[in-house]
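Letters A, B, C, D and E mark the chains in the order given here, with residues in each chain numbered from 1 onward.
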Amino acid sequence: MSVNQANASVHDKTDIQLSVRNLCVDYITSNGDVRAVSNVSFDIGRGEVFGLAGESGCGKSTVAFSVCRLHKPPAFISAGEIIFNGKDILKFDDEQLRQYRWKESAMVFQSAMNSLNPVLTLEEQFCDVLLAHTNMTRQECIKRAGQLLEVVDIHPSRLSDYPHQFSGGMRQRLVIAIALALNAKLIIMDEPTTALDVVVQREILQKIYQLKEEFGFSILFITHDISLMVEFCDRIGIMYAGELAEVAPAKNILTKPNHPYTEGLGNAFPPLHGEKKRLVGIPGTPLNLFEVPVGCRFQARCPYVKDICRKEYCTLTEVAPGEFSACHLHKDGIVDIIALEKQPVQG
Amino acid sequence: MSNNNPIIEVKNLVKDFPINANALKKNHMRALNDVSFNLYKGRALAIVGESGSGKSTSAKIIAKMYSRTAGMVKYHGRDIDEFNHKQSLMEYRESVQMIFQDPFGSLNPTHTIFHHLARPLLLHKKVTNKADLPGRIYELLERVGLTPAKETAEKFPHQLSGGQRQRVNIARNLAVEAEIILADEPTSMLDVSIRLGVLNLMEDMKNDGISMMYITHDIATARYLAEDIGVMYVGHLVEWGEVDEVLQKPAHPYTQLLMSAVPNPEKSIHDNLEGGRKGEIPLWTPESVGCPFSGRCLQVMDKCNQALPEPKEIAPNHFVRCFLHE
Amino acid sequence: ADKATLTLVSELKPAWVRNFNPLTVTSRLATTNQFIYEPLLIVNEIKGGAVEYRLANKHYFSDDLKTVFFELKKDVKWSDGQAFNADDVVYSLGLAAAGGAFDVAGIGSKIAGVKKVDDFKVAVELSEVNTGVVSEIVRAPIVAEHIFSKQADLATFANENPVGTGPFTEVDTFTPQLYVQCRNPNYYENDKLAVDCIKMPQLANNDQLLAAAIKGDLDWTSAFIPDIDRVLVSQNKHYHYWFPAAGSASFMLNFKTPNKDNAKAFNDVNFRRAFSMALDRQAIVDIAGYGYWSVNEYPDALGDQFKAWANPDVSAKYGKYSKFNIEGAKALLKEAGYKDVDGDGFVENKDGSKIEFKILVPNGWSDFVNTVQIGVEGLQEVGINASVSTPEFSILNEKVMAADFDAQFSNYFAGPDPYMYYNTAFHSEQMDKARFGGHHNVDKELDKLIDGFNKTGDQDEKLKIVYQIQEKIGSNQTTMAAMSTNYNYQYNTKRFTGWFNESNPQARPVVWPDTPERLLHVLNLKPVK
Amino acid sequence: MGFINLLTRNKKALFGLCIVGFFILTSIFAPFITEYNAAKRVTGSHVAPSQEHVLGSTRMGRDVFAQTLYGGRVSLAVGFGAGIIVVAMAVAIGITAGYFGGIIDEVLSSLMNIMLVIPQLPLLMVLAAFIGEVSPMVIAMIIGLTSWAWGARVVRSQTLAVREKEFVVAAQVLGEPSWRIILIEILPNLVSIIGASFIGSVIYAIMTQATLEFLGLGDPTSVTWGTQLFNMQKTSAIHIGAYWEVFSPIVVIACVGAGLALLNFAVDEIANPQLRSHVGLKRWKQITAQKEAEAAQEATAQQGAAS
Amino acid sequence: MGFILRRLVFYFGAFLVAVVINFFLPRMMPGDPVDAMLAQGARFTAEQIANLRLTFGVDQPLYEQFFTYLGDVFTLQLGNSTFFSNMPVSEVLANAFGWTLFLTGTATILAFMFGATLGILAAWYRGGKFDSLASPLSLVLQATPQLVFGIVVLFSLGVTWDLIPISYAYDPELTPDYTSWEFIKNVLHHAVGPIFCIFIVQLGGFLVPMRNNMINLLNEDYITMGKAKGLSNIRVMLNYGARNAILPSVTALSMALGFVVGGALVVEVIFNYQGLGSVLYNAIINRDYQLIQGQLLIMTVFMLAFNFLADVLYVFLDPRLRKGGK
């Protein structure tokens, strides 16, 4: 693997909040080990919203969990560095880690329904995190919790309620409020709104954006809805089968894809306006991580596959300023994928 | 709208569910209120709306999974209640089939794909000679793109991916040669990259003359697949009609809100929502009056809280239930 | 000085409830009779029915044998100081004569009336001549008229602070786990009584009794202790035991069995004799009986307790059928025409019909169950297809009384003379009243002989009758004797001496409440210095 | 089948299966293992273990080894027989209640709940006393007929869960008859909980039978582990020091219980994949420990280099 | 509150059914107290037996007995025990009740405390040495009959080594005095053996479910969130894990406590402990109808009471079952 691999970053060093370097995560299973995240590198700047998109199972959550070092037993970080504010969190001891969590980087999970402890009141769930990380008294904690609730438009009097007494959207906002409790510098959001209706989803994302502007934290945003991601993120990383296929500014990702997979993703979303035509999406099925081929991982589904793709691994390289792609097509100087003549594809 | 006769005609459908029932008191919620729509041969009707708005309920009533509280459902002009005897019920079941949301839950993990396809064939006597069975099954599997068919047939559901499982479900519907397919969010649990494959397959079936009801959260795919669309809100069909007409010129404030909320790469997260504001979704009961959206509507009027507006055809094949269009 | 306290177990109960009313059989404590209420006299069974006078001085029959007179001791006082006299006896026996729930000795039908002759003499009129009745009459408790006659309801009267004539009337301690009865200050034989108090620890079952005995806590018990030499005596050198012969126990076939095919065999004396010869009595005694029993080879199953009554002629004539002899049994069966026709290893009737039966024995009576199992081993060996069945006691009882069964194994209780045994086991009137006469073989002549036993007061006459009875039963092999059973009795010499035992066989040594002789026993004990 | 495969792949299950299998086989082939008749006197009383009588003899002079082997036949048969009855009833009642719901469910659920609150052992004791002469098979029947409630409850709730699954709805929409849905679609999905309930019932039945017989409510002439205990108690085998008579049945009961318990543990893991402790976990632990050790080494090396 | 009310109705129904069963069960048993005395070798003449039967009054017709019984149940007159020398049944039970409650209650609560704690630890350190040893071991112990432990403990600790008493709840020589340390020590000494036997068997019943629950829970998002919050391990384990995992165990505990009253029959019989277990055993062996009835009745009442308690407790512990919010 190339050591001097390009870092998918457009930031200068001082402005970087989080820098993931060659992250490899393995799942140790009884059927053998699988590398679910392979050589992933990206940076997130201060105040930036960085999106990770990709099919189910491509390793998005695994990356997110690794950034908080929350990965659970079968997952094992086998290589790489995760540098937060200049320190490699993979080298933290337990106490450092405890301090780092939530204070530096907080996390909002996919399902708010399940990420609040059903038997504790909100007050307790706010206070335990405040008490664990600050010197506040309980009284102060309750006050702070009240303020946080107001931030997400929930009345502070409801602090004594239990999670089940809130609606799905409110719960999601509650989790966000808890994530804001310690002014964390990075908030990781793993599909924070997938379970919600579009109207609620938009409200919440607007709220998050507004809070981001106010508090200036960075966001690692994960979803598989690319349309949404394009609206919400500054830059987007597209993952395929544990690897970053492409990193580019959000605006370009659909209009000017640098990787056949990105292009396929773009084509998988029928438009809301304009002419109706038959779309094909991406043929084939996602890669089985137990059967990783030599060469490019996307080869089996790629309409432009060439011999080299079956032989050589392709690293993430900068193909245009701020745009990175892991595709052999670029090596050969072919940049505009859309201009390529398409081969007929079977559904 | 096509001028041939509807295959399914739903008229003023009402469905109540008991809630918080105890021995002393029976409370009800109204899951469907005065809902009317038709299904036509070779056309798809998409039903969109937020969770709990009654989409699945209406499909399940048509499939005779639920009884109805009031209103009428006709199949080729006959009340579906007439299909209650063993024989006629089987006939009806043969015509009306469903595709479910959860590709994991809709196949029995303890049986092979072969079993899943053999049952409908045998049950509805599509195959009378057991020797023909494998051939017919392989044929179906090939038709839904599950090749090699023989190997797929021997697999268990957990050995297939989500998309493949939905294809098996579709094959199941093809097996009985159903006339109507009620697809309840068939792609919502599928990955973006395989979603289209399933949708295309459904489109092919529709083009082969099957009548389809497509329930979804995803307005973009609704537009992709369906000719007609209905928008539901809290048990009410608030706006319906030809799909592009409704989506390009949403007339009901709720439809407008929905359209402005749909993720769209051409928009920005900062764009404001239109037509309505955030708020609680009301619990509709048989006693509730007025328009269900009145609490969130930006253009709410007094009468909105007093009566439910009647449907109005504001353009050919474009109906809306809103006092703004009286 | 320390009191001489004797620890005894005369009853196994889950808790002690304070009740010393001798008229409530199921609830009174086991130390009520004799120890609080002395009897008129004690019939010493071991000494062939010799009489030991207690409250009475003397007793005799009228010439027509229809009345019994009891003359009472004059120096007896109730423990509250009141004098004991004929009124008490008339009152007490009157209760019994009236029959019903307070007739705890079950003599109501045998007594016509009770009369006071003078202050110290009582006449008991019998309903018919019965020279054996005294031993039954004296089982009715003699209570204090001045206390009992004042009670509103004798059935619920708990008599918590008893006033009695016996040695231990003062209740010293009483808890559900332990109670102590101490010396009656007014006891008429206080000079003879060396034991000051008797202590009764509550024990619920044999295992606990055994555990307590091993620890040396108990002085006098009558428990069944398996393998007593290894289990108890070897653990505690102060323990001794004596197992005097008690009743007997026999197998029997139901002559009236509802099973027609079995009935053919059961009614054939040769079959019964072969059955008897198949019983390995020595093994039964040694294994099932731990050697406590003795082999019973009396043709009439009489048992060792009544050795003196046995007719040597009968033994000579039929004794061979009561001896274990597999080959003999086989030969006898063959001779009588029982053959294994179908080759299943078991013999069939002459007409080829099957003989197959179960021998009933009550569930939970382990030693008897084992006995029957050993018996069955022999039976199967000679080709008789018998097996064991262990129903609940009450079910067995009902079936046997109703003659709805094939075979059973039963023990017999003995009295001072063989009358009780013969009467319960062979008298046709008793067959539907208890399990003892389960063979249901009705023999009117035999009935008459048995009835005659108590119609005479002459001992020689009685012996003659018994000889005749034995001839009848022996020739018929009505039952198949297995063993003479034994009384269980263990004693501890650490604290007391004077125990009855083989070399001092003064009376039955048992401490259970149905052994009046225990009064004699306690009076004989002396504390060890 | 997959189920069997899973069972044999699980170490605990395999161990449990071996134990139970061992006792089943030894009792089935008892006549080939011992020459003695378990119900007959073959030697003296309480003979200590010797070459001839491997586990000594009882008071009645019966061979303890033979009794334990033959006793296993009856005890295991009772266990498995009762287990089958329990499971059959639990499944029939539980599925009916769960699938049909409504008033049927109300009635059957009440029945289950009432069965559950009636104390079991006393009920068994009273019934045993009522029947009078309780052969082991009768005990199996009684246990079977009184112990289904818990299993029925579990089956019912699982049925409720499965009934909501879309494949059941799909079968209904397809027009499958109810009996077919229950037997073909739902039942196979309950296999693991039925298995767990079966094993649990077998354990319970073996224990209960032994207890009833020990308390003297069984048939003392039958040869079972329970009557072995009863007889050893009655003959004070412990006081005599005939430990072989005491411990033979106790050890086998405990072993069979243990084997079945291990099996059940494994069935639990099969029913609930989250409980499975995979080989991966162990390796994960090793690798993590290794990496930590390396890191520590590196740290000290760096320190060394720095100083 | 509707939930609680409905449970109460059920419990009352169950109680009535239990009363009926309690009445008929003992009467189905063959024999009567006199038979029982005879079976124990008592030596009565036929006449004596007849007289004895008079004292038990079992000759009323069944239905009359039933109504008398029904009336008596509600006035707590449970009749007199024949075996306990005519003591009122209520008194016999009252005497034994305390001991059983003490014995089994202590053992159950200890088992619960140890089981729950060890279960939590086993799940937390899942796959570790402790887990792979303790969890199967406790299950194995649970599958071993109390009978076995009873015999082994009694004869090893009690008889062979003479470390613990083999009978009674306290030394019969002592007068009960619950304020004296001597006496309490004696009581404890007597209870050690039986408590141990009950404890060891019940341990697995709490440990394994607790462990399994906890393992399931540890995959829940809120546990991960607890960790992500940077809370200490102990806090996550207790407040997030155990607090939730304990819910089902609380039901199990109340059920176990419900069984307390009759649960330890075998152990009580083996250790001659004067609790309800040995009372029941003796009552059955001695055909003491009234006592069996009374005992079954209070066992059922206890079961129901503790079931009810479990329901209430569950509502109390699990806020999701409480109504409220807005």
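What we mean here is this: a residue touches a chain if its C-beta (ideal position, glycine included) is under 8 Å from a C-beta of that chain, and two chains touch if they have at least 3 such contacts.
In this text, all values refer to a predicted model and were calculated from it rather than measured experimentally.
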**Asked** Quick one: which chain's Cα centre is the longest way from chain C's?
**Response** A
**Asked** Which chain pair is joined by more contacting C-beta pairs, C-D or A-E?
**Response** A-E
**Distance from the mean Cα position of chain E to that of chain C, given in whole angstrom** = 41
**Asked** How many Å are there between the centre of chain B and the centre of chain C, using C-alpha atoms for each centre?
**Response** 89
**Prompt:** Taking each chain's centre as the mean position of its Cα atoms, how many Å separate chain D from chain E?
**Reply:** 22
**Mean-CA-position distance for chain E and chain B (Å)** = 55
**Message:** Going by the contact rule already set, what residues in chain A reach two or more other chains?
**Reply:** none
**Asked** So which bits of chain C are touching at least two other chains?
**Response** 207, 364, 392, 395
**Request:** Could you please specify the touching residues of chain A with respect to chain B in the complex?
**Result:** 55-56, 167, 197-203, 205-206, 209, 224-228, 230-232, 254, 264-265, 268-273, 276, 278-283, 285-286, 347
**Message:** Under the definition above, what is the set of chain C residues touching chain E in their complex?
**Reply:** 13-17, 19, 24-29, 99-109, 136, 155-156, 175-178, 201-205, 207-208, 211-212, 362, 364, 392-395, 397-398, 413, 430, 433-434, 514
**Message:** Could you list, by residue number, the parts of chain D that touch chain B in their complex?
**Reply:** 165-167, 169-176, 184-185, 188-189, 191
**chain E residues touching chain D - in the complex, by the definition given at the top** = 10, 13-14, 17-18, 21, 25-26, 28-30, 126-127, 131-132, 135-136, 139-140, 142-148, 151-152, 155, 159, 204, 208, 212, 215-216, 219, 258-259, 261-262, 265-266, 269, 280-281, 284-285, 287, 292, 295-296, 299-300, 303-304, 307
**Message:** If we count contacts the way the header does, which residues on chain A are in touch with chain E in the complex?
**Reply:** 68, 70, 72, 97-103, 106-107, 109-111, 114-121, 124, 128-129, 132-133, 161-162, 164-166, 175, 178
